[in-house]
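Same chain, two partners: chain A is paired with chain B first, then with chain C.
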Partner chain A sequence: MAKHKTPLLDQLESGPWPSFVSDLKQQAEVRAKNKEKVEFQIPEDVVEDLLGILELSFKHGRTHWKHGGIVGVFGYGGGVIGRYCDQPEQFSGVAHFHTMRVNQPGGKFYTAEYLKQLCDLWDFRGSGITNMHGSTGDIIFLGTTTPQLEEIFYEMTHNYNQDLGGSGSNLRTPSDCIGQARCEYSCYDTQALCYHLTQEYQDELHRPAFPYKFKFKFDGCPNCCVASIARADMSFIGTWKDDIRIDQEAVQAYVGGEIAPNANDHSGRDWGAFDIQKEVCDLCPTECMWMEGDKLMIENKECNRCMHCINVMPRALRIGKETGLSILVGAKAPILDGAQMSSMLVPFVKAEEPYDEIKEVIEAIWDWWMEEGKNRERLGELMKRQGFQRLLEATGIAPDPRMVKEPRSNPYIFWKADEVPGGFERDIDEFRKYHQR
Partner chain B sequence: MALDYEESKAKIVEKLQKKLKTKSKFYFNDLAKILEAKPREAKKVINRLVQEEILEYWSSGSTSLYGLKGTGKQAHAEDED
Partner chain C sequence: MAFVSSGYNPDKPMENRISDIGPKKYDEFYPPVIAKNKGKWLYHDVIKPGVLVHVAESGDKVFTVRCGGARLMSTTHIREICEIAEKHCGGHLRFTTRNNIEFMVDEESKVDPLIKDLESRKFAGGSFKFPVGGTGTSITNIVHTQGWIHCHTPATDASGPVKATMDVLFDYFKEHKLPAKLRVSLACCLNMCGAVHCSDIAILGYHRKPPMLDHEYLDKMCEIPLAIAACPTAAIKPSKVEFGGEKVNSVAVKEERCMFCGNCYTMCPSMPLADQEGDGIVIMAGGKVSNRISTPKFSKVVVAFIPNEPPRWPKTTDVIKNMVQAYEKGANKYERLGEWAERIGWERFFEQCELEFTHHLIDDFRDPAYYTWRQTTQFKF
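After this line comes the complex of A and B, so read on.
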């Protein structure tokens, strides 16, 4: 029998989708039965009380969680988010209900054994409720009490070789796609760069000194599987410098129906014969592809890396051989001014250890943002407030037409006195000889 | 020039104690301003103040603030002091 009646939450289970309410009820039952005889270190009825307080919030139309807290593990300013409820007498199981963020392994590769270890630890010292994964990619542990934090941290760092992730005004847990480990589109080793920068910037990850959150995300190609262009303050997106490699025989195999387009995706219904003109050439956003007889032609300098043609015909078209990455900056979610996508800052850089060129850009951006950013101002907002030109000055990067998003022709250019021969000073009398007032 | 730790500690503690009546949590930039230092220099001192348990972190989850250890409403309200 459930500890609290939850008629409003029960209604959520009636929809067509899997419901977190059902999951929580299941977990509450598992804890109540405790078949594995776990010596729970936090109240056994934590999940029951979580359901109870959520029901109350629905009833009252207001939250019963308080905002933030001072808890953490010693020396770390992130990774733990204090959560307390304002009805501790009624729902004692969730009086403390802190969140812990666990730095997910690169590309989210893990073994079943590793996952089992984490889950066992969390059943023992927490609520057993996890979030796989948070939007920054972390493995999120939901709900434990203050005395358990150091115990969990010790166990993870000493026995599982596992660190906490970032939260608060920190560098957030860097996140990457599976990269070259599994994907032929990947233009650089995302996991190597992600791991390298995670190690390099430990201080930024664990000790908050930024105006607000700061996110790195690493995508091996412009398909952007970790959505770096939409979410990261600095997006590292794989690209290539030379031409798309074409296997004309394979192109013909697609045209002739011997190879299924889109790697056999969308094959649930009959879409008719593959039409390369309609499905590839006509959909190219820069119109840089055409058929010459049996041959597929590409004007490579017009390609803007939309990836559509490669995604449709992966056996016929491959990324170029001269690969690296582009750095884009300033994406964010819509708290102020609406959502923003990243803007191109470095069109191409090789991704090779020790990644010094990349680190130079990162550190120059941080220096600028730490000094000029207002409290709770994301990099993208600072770029908007002070202008992209200030970002270029701060990073020492020369302007490049590829940074201009719009207008693509006749852009405004703001010259400075030292960029113009003779500056802006002029002899007004000489000027008046030719121009009447 | 590197900041003198003892001098910086005294400055921070004095300023924060003065403001305690109205405010117990401060942004990193507020502390850097008290030290009149660039953020990176200020961070070295502030990290040490946390290590020595003179300052403590407060986090909402999205934003981090600093306060003198044990001060403010929350420490008492949540039995964390």
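After this line comes the complex of A and C, so read on.
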């Protein structure tokens, strides 16, 4: 018998898509029965109360969670978000319901053995409710009490060799796409770079010293599966410099209909026979492809690596061999001054250990942002406030037309004295000798 | 419920402390076929919706079965995922950026038994636990935020509208029938933990009433200068207010300047915005992050407001379904929703999606607004 009636939530149990309500209910039942005889360290009925308070929100059309309190583990300024409900008498099981962010492994690969260990820990010391995964990429443990925080951290670090992720004005937990682990498009090892920088910057991840949050995301190619260009203060997007590799026989197999285009992605509808001219050459944004008889020709120098032709014919076309990444900076969600995407800063850099060139850019940007950034000002907002030129000065990177969509359409250039012969110091008396008042 | 110590000694927190160790290393978890062929993949194919094969230079193949799931997940459910991975996949699995679960096997013969097993599992309420799909030109899982389950600033729920929307779009998850991929995302307020601002279709929670002022507690609970500085439109100023016969320090809000971002509430809990009638959903459309053919695009606001209608948000899901159907009918092969809207023109987009164009949809927020007005005589009747 459920502790709280949930007539509104119950309506989300039907329909084909996996129901989180059904899942919460099964969890509530598992805890109530406690077949494994777990010595629960937080209230056994925590999930019942979670369902109850969510039902109340469905009724009121408003959340029942208060602002976070300041809770955490000793020596860290992030990784734990304090959470309390505003109806603790009615829902005592979730009166304290803190979140812990657990730094996910690269590519979100797991073994069942490891996941079950995390489940054991979280059933014992928390609610057993998670997000797989949070928006930034962490494993999210939803709901435990203050006394359990240090205990969980101790067990995690001592028994599972696992650390917390970031929150607050820190480096947030970096995340990556599946990359070379299982994708032929990936221009660098996203997981290796993500892991390397996560380890390198553990101090920045755990101890808030920044004006606001800072995110790294790693996309292996311009398809941008982790949306780094929209979500990361620094977006690392794989690219290549040399020629697209062509297998002309495979091109013919696509033309002849032996291989379905776009990796068979359009299989649910009859789009007619594949037309390489219409579907590949004519859609190329730089018009750098054409057919010469049976052969597909590419003027590679004019290619802007949009990935369309490679996506359409993955068995015939491959990314080049001289690979690396572009660094774009400054993406953020709308709050406060409107949404921003990342802007091109470093068109090409090799992605090879120990990644010194990449770290130089990161650290120069942090120095500038920590010096000039206002409280709660994201990098992208600082760039808008002070201008792209300041970013170039801070990083020592030379201007390049690849950094802009187009040059400025106003002539209001902030010339500096040393850019103008003779500087700005002038003699008005000398001027007046030739120009009467 | 006796307290059980982990070994941590609260009197000596630094004793045997381990910190700054970071995540587990990714390669501890690679399935053998992935470890062996990493960086040497040749090509992939989507055998059918939800099933991928990647072929390596060595001739090895890895077959991936992708299934959807709620990102809000219990340990009971995770244990079931583990059981499936142990039964079919040598104990290996992964999650995708969009909260799908991927089971990988190294032989084609293992695919069908795995799918059969996944599709046979249902929750007590009748929904699928592991629906297979979400590849290619389908609509894959919706990425989303916390909503009413755990957040203090939401203007709508997250898991609820996502479940309702995916139920409505379920056929599109299971089939490859769209012109290109279509990504739906939800953020329950414009803090956008989920950064939905570059999605084909974005569901965004939004407040519409200025903050209430809890004068009695405001100065006790908040740093007033921080609350004032938090406002991007300078709508908040300090004020002295009569309360209980005393003058107390508080703030005043110039209501016509408020665009309901909620940043003041983030800084000051005595300025809540949440309201049953005020809060609801904004629908945005036409964004993308991929660089394919056209450059990445922001999503545009196409419906200014839909009320919250728990538990199933029917108006929201109707609008989304209409938009998807219009796109399915009208777009060319490979064309993303935003590319289609730009080709036919936004005036035609509103017509084809049967959406009303109201004054709310014309940008009036600062300089970028001008660049969205039409400085040409080219338009369609």
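As a working rule, the second predicted complex is superposed on the first by the 397 of 437 C-alpha atoms of A that agree within 3 Å, B and C clash if a C-alpha of one lies under 4 Å from a C-alpha of the other, contacts with A are read in each partner's own complex, and residues count from 1 in each chain.
Following the convention adopted for this analysis, a residue touches a chain if its C-beta (ideal position, glycine included) is under 8 Å from a C-beta of that chain, and two chains touch if they have at least 3 such contacts.
Bear in mind the structure is a predicted one, so any value in this text is a computation, not a measurement.
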Which term applies to chain B and chain C once both are placed on chain A by superposition, clash or fit?
fit
Which partner reaches more residues of chain A (counting touched residues only), chain B or chain C:
C
In degrees, to the nearest 10, note the angle that opens at the C-alpha centre of chain A toward the centres of chain B and chain C.
100
On the A-aligned overlay, A:Thr99 touches which partner chain: chain B = first, chain C = second, or both, or neither?
both
Looking at A:Asp242 after the superposition, I want to know if it touches chain B, chain C, both of them or none. Which is it: first, second, both, neither?
neither
Applying the touch criterion given at the start, work out whether A:Glu287 contacts chain B, chain C, both or neither, answering first, second, both or neither.
neither
A:Ser57 contacts which: chain B (first), chain C (second), both, neither?
second
Given the touch rule stated above, what does A:Glu299 touch, chain B (first), chain C (second), both, or neither?
neither
For A:Gly72, select first, second, both or neither according to whether it touches chain B, chain C, the two together, or no partner.
first
With both complexes overlaid on chain A, does A:Leu12 touch chain B (first), chain C (second), both or neither?
second
First (chain B), second (chain C), both or neither touched by A:Phe40:
second
Considering only the touch criterion stated at the top, classify A:Pro211 as touching first (chain B), second (chain C), both, or neither.
first
Closest Cα approach between chain B and chain C after superposing, in Å?
5
Set of chain A residues, in rising order, touched by both chain B and chain C
67-68, 75, 99, 203, 375-376
In their shared complex, at which residues does chain B touch chain A?
27-29, 38-40, 42-43, 46-47, 50-51, 56-64, 67, 72, 74-75, 78, 80
Which bits of chain A are touching chain B when the two form their complex?
67-72, 75, 77-78, 80-82, 84, 96, 99, 146, 167-170, 203, 207-213, 367, 370-371, 375-376
